[in-house]
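In the two assemblies presented below, chain A is common to both, partnered first by chain B and then by chain C.
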Partner chain A sequence: MSELKVAADIKVGDKLLGWAASEDVRSRGASGGLVTAVLAAALETGLVDRVLVLKKVSEFEAYPVFTSDVQEVLESAGSMHSVPVNLARYLKPETCSGKTALPAKPCDARAVVERVKRNVMSSEDTYVIGLNCGGTMHPEKVRKMLETIYRLDPEEIAGEEIVKGKLVFFTKDGKEHAVPIDDLEAEDLGRRDSCRYCQVKIPTNADLACGNWGVPGDLAEKVTFVEVMTEKGVELLRNTVSAGFAEVMQPDGKSISAREKVNKVMLGMSEKRKTEVFAPIENGKERFEYFRKELENCIHCGACKAVCPVCTCGEDSKCTAYFSLADSHKMSLFHMVRFLHLSDSCIGCGQCEDVCPAEIPLTRLYQRFAVPVQKEYRYLPGMSDRTPPFFALKLEDNEDKEGGGCTCR
Partner chain B sequence: MEPEKTEISKSWEPRIVMFCCNWCSYAGADGAGIGRFQQPASMRIIRVMCSSRVDPVHVFSAFLEGADAVLITGCHLGDCHYINGNEKTLVKFNFMRSMLKELGLEEERLQLNWISASEGEKFAEVVRMVTEQVRQLGPSVLKPEGVA
Partner chain C sequence: MQVNNRENVYASICPGCGLACGLYLRETVSETGEALVSVDFRKSAQVNAGKLCSFGLKLPLYYAEPQTSMVKGQKSELEAAISASIEALKTAPVKSLAFFSVGNATNEEQKAFSVLAGAFDKDVETGMGVYSSLPVSMHAALNRNMSLEEVEKAKQVFLFVDPYSQYPLLLRRVLRAKENGAKIVCIGPRHLPVADEQFCLKPGEYGKFLFPSQDSVLVADIHPYSDPEHIKAVLELAEVSGSKTLILKPFANSAGAGLLTANTKQCTLEKLLEGIDSGKIKTLFCLESDFLELTPDREAAVRALSKLDSLIVQTSSRGELSRLADIVIASEPFYRKQGTVLNAEGRLLSIGGDSTLSFDALSSLAAAFGKQLDFESARKEVFEDFGLKKAGEFAFRAPAEPCSGPVETEAPCSKYEPGQKSCSIFLSESLQEYSSASISASLVYSLSPFMWHGLEDENDFVELNLRMIRRLGLVKGGTVKIRSQGKIVDIKFRVSSIEDGYLLSSQRLPITGFPGVEVKFSVR
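Presenting the complex of A and B:
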């Protein structure tokens, strides 16, 4: 085993194995509790003013809190695959005073980047600790699969973890129950729809990218693989190590390639699913009929817009201001504006779908528009600081782009 | 050239909402009238100060209220009265077009053309061309029930 790395040696691009120094944190958090240690250290040393974490109510319920209390951060430790919230939505001008750190799935990190582009928050003041993510689950579906497939009482669950393609539940009596995720998904349970075709599994757009992929077998569950992505990431990790909250060391080449391999397999599966879900509907009339039918039950509550992390319009927005139910149009103006706005910015986080009371598969609908446009402009929202193509002043600014079928050239 | 008469075209004439830039195509429309260039009466012209003033909401509303097509016209690239308004129109236009295409509308239902103040003949020509294309397509799927 190689030696521990000192804080001053950490630099951008480093791939390291890390774990929390304190036994307590290690036992609370998953995979060595590094993320919890980073958050706690940042708060304790004053690097950030507060952190945004999920406050756990039960295995299926948690709510986001801004806190400056280290104890609360420690209590939030551990993975929560059944609470698919997008924390970025809570970072807004009203709440963004001082420096904030937050743990983030790739979609949270992408939302943060998009929100920075839309000037609702500042990049300098936000520390994003990315978490690898193979997918999250809707709490309602988790309950359902516990009852129908695992044959367990949802109230008896003490924890869960995704290990090697299996969803493992730990019951309060200390037993483990594992079922392969593929089997669950065959029953339309398992991960959320949007997670199954998600294109980003390692948050390379965050400041630190943490996860258990690539951790050698003998250290599994004991350490976290972390990649330092930015200068802010260096700051975070140096701060954690020098404050004595965590220890890091250099992994061997095998770990690094193992992590790449997991990522590649996951992305391959997503890509396959994506081509299945978004098989083009050739006929225009059928396409329109598809959208009309899916949106038939919409009650226009606006919840999809309220949770959308990339929508930064606020209360006064075009989609709501010029829309009236009394118009009884063939398709609501609200949806048409949303379709257009999301075509270059939809990150496919699935929040809209989760909150929809009419159970409309909104993320699928938005992605129908987003997939071809994002492909055309070779633009993946939230992955770089490139100006969104819709905001380009000139067509040429969206490089790799032909005339676009306009008749004037 | 006499267009080929189909079953639809006998009873139905397209209605097209046309956005004209105050500084070019609106004057072009005048030019077309003064020059007596023949054109179908399918256009409903809305004058805007610049083609970039046309918001996606305007275009969508036009379709939802029963327009069979929307034609946006502006100054030639480089000639914009407001330096680069038409460049921005082009960016927006491409987005609206791919969105409407994905929604199930034919590409020809949203068109963009550059017509300067002196191009009265081109104005009439574009109106004829767009009307003919839309006539072939038939009524739009977004048209509300009971609207001609």
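Presenting the complex of A and C:
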């Protein structure tokens, strides 16, 4: 085992193993509680004014809160794969006064980046602690799989974890119950649809990219792998270590390559799924009919817009301004405008699909529209501060592009 | 800069309809005490899995104006409003009193309200006159319900409601049933995308055209405008076929209010209004029920209410009824209430708040007339009444009491005379009686949560089918003139896929009395 690293030696590009110094935090948090320690230290030392975390109600229920209370941060510890909330949506001008830190799955971190581009919040004042993510689950499906596959009473669940491709539930009697995620997904259970084709598993766009991938077997559940991505990440981790909230050390090369390998495998699975889900519809009429048919049950509640973390238009938005319930178009202008508007910003987080009362596969529709555009301009939203192509594009930039017309197949 | 606003998060439910969807309400209280409410998705809620309709998303508007207590048009303390109410009730002739609560209050409040009404030997009116129009033996069937999950497992779903506009969170259950192979049969003038078969039928025709089986679910609703013949026909169809019924209701606690007032004679809204207009009712006490929003003819209702000696309104929201009231007892917003509602599935749900302000006001009123009821006792009685043992969100179902005896039907549906014409045929014939510039149609209201709660939506248009629009020579972007009972309204229209001879409206039109009337159109 290598020596502990001192705070002053932490720098951008570091790949480390870390854990909370406090036994209490280690027991509450996942993988040694490093993320909880980073958040608690940031608050305790005044590096940030507030932290945005999920306040736990039960294993399947939590809601986002801003807090300055370290105790509340400690209580929020632990992975919550069954609470698929995108925290970035809560970062708004009225909530973003002062410095804020938040834990972030890749889609949270991507949404933060897109919101910064749209001047909703300041990048300097936001500290993003990324968490690697193989996917989250909708609580409704979790309940269903507990009842039908695991044969467990949801009320008896004390915790859950994803370990080596299996979803493990811990019951209050201390037992573990594991089922391969592949088996769950074969029954249309398991991860949310959008997670299954998500293209970012390690949030290298965050200030720190943390998680259990790459942790050696003997340290599993005891430490977190952390990648220092930015100067703010350095600031966060140095602050945590120097305040005595956590310890870090250098991993060996095997751990680093194991992390890369897990990421590659996960991305490969996503790519395969993406190819299946987004098989091109070459015929224009068929493509239109596909979109029309999928949207025919829309009740125009606006939930997809309300929940969208990259939509920053507020009440005064184009999708609603050019839409009226009195219209009788085959496909509403609300959706048409949103397809266009999100084509260079949709991060595929799946929130719209989660809340749609008509269960329209909206993320698939937005992604089907957006991915070809994003591919054409080699632009993956939320991964860098690059200006979105529609804002950056000059006419001559498109001269070398093949043909014209819509590429959204 | 430090933010000093206090944020309270309530894991609550939507008051929009009888499904009682789960949601979070974030109440941001500024340093000055002003509360701003926003809605958030509660994905763990079993009823709706976090999904909300447009009413749910517009709840901040519903909660925008908190109520203040008033006596004779002047702001007052709550205690003063309670005292004034006691005085008004004491001085009123007992015969002329009426107590009205449709199901926007908690079960515990409803219980306390019943106790108060009982002090005068009165029952609480819920506006569900349909109960009294049906044989008593059918009442149990109206209160016996099933979970939304069961709809998904049905082999056939017969929809007598429009899930797209009336009960939007039913839609996903129907879509899932269809995905599971169920046949979806829709009954109504609007052609629904989910329908495998669509009928526009009169109640007497259900038995002739609809063939549910034991694996079928019939989904209908009862509300203050319900046609007893329709409800009777649906229940008879269920009885004959052995299929299950899901009877939806328009208010969050309609089911609770219905069960708590079971076995009492209920008036229709129309009869209640007549009673007020004729002077038979001189003092009306409305609990969380806006009489004006409920009655279709607002002008007539305002005229009638002005004849009352005393109008006492206990409510959390401001509206025209509060302005007309002699006494307003302000209650806390719905999400802050402690207590329960029974949703249309028969699931007992906690509202999520911790305030008993409104209950306490009712309790004080009852105490003034010699009836004592504390919150815990009321809560206990509610559980006993519903046959439930403990509080919680997911566990409970309404008692499934079997019908106590044979259904007192007229003829079973299957015995209806053959050869009856469906509405569409009848109406298409009637259309020919009019010139192209003036045709008649039946007005059908799409009774959405917006309409029941008087909240403005963007549905400022009526719906007609293309054939009718062409016959009238209407042009895009124009308006249509609708006449009924000597009144005229000029309104925007939309082309919709609906039956010939029907006019659909999602907002009340100031031209009609109670629904079902014939209206005439003409070009502007």
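Quick notes on this one:
What we mean here is this: the second predicted complex is superposed on the first by the 393 of 409 C-alpha atoms of A that agree within 3 Å, B and C clash if a C-alpha of one lies under 4 Å from a C-alpha of the other, contacts with A are read in each partner's own complex, and residues count from 1 in each chain.
The rule we apply is simple: contacts are C-beta pairs under 8 Å (C-beta built on N, C-alpha and C of every residue); 3 or more make two chains touch, one makes a residue touch a chain.
Nothing here was measured: the structure is a model prediction, and the numbers come from that model.
When the two structures are aligned on the shared chain, A:S97 is found in touch with chain C, with no touch to chain B. Of the two partner chains, chain B is the only one that A:E289 touches; chain C does not reach it. Residue contacts after overlaying the shared chain place A:V337 against chain B, while chain C stays out of touching range. Contact with chain B, but none with chain C, is seen for A:V373 once the two complexes are overlaid on the shared chain. Of the two partner chains placed by superposition, A:G253 touches none, neither chain B nor chain C.
Shared-chain residue A:Y322: touches chain B; no touch with chain C. Taken together, the two structures place residues 327-328 of chain A in contact with chain B in one case and with chain C in the other.
Across the interface of their complex, chain A is touched by residues 55-57, 60-61, 64-65, 84, 87-88, 90-99, 101-107, 111-114, 141-144 of chain B.
Those residues of chain A that touch chain B in the shared complex are 284-291, 318, 322, 327-331, 333, 336-337, 339-340, 343-344, 368-369, 372-373, 376, 389-390, 392-395, 398, 404-408. The touching residues of chain C, counted against chain A in their complex, run 1-3, 7, 9, 11, 24, 40-44, 46, 48-54, 56-57, 164-165, 168-169, 171-172, 175-176, 193-194, 458-461, 492-496.
The touching residues of chain A, counted against chain C in their complex, run 49-50, 55, 57-58, 60-61, 63, 65-66, 82-85, 95, 97-98, 138-140, 143, 296-297, 299-303, 306-307, 324-328, 354-359.
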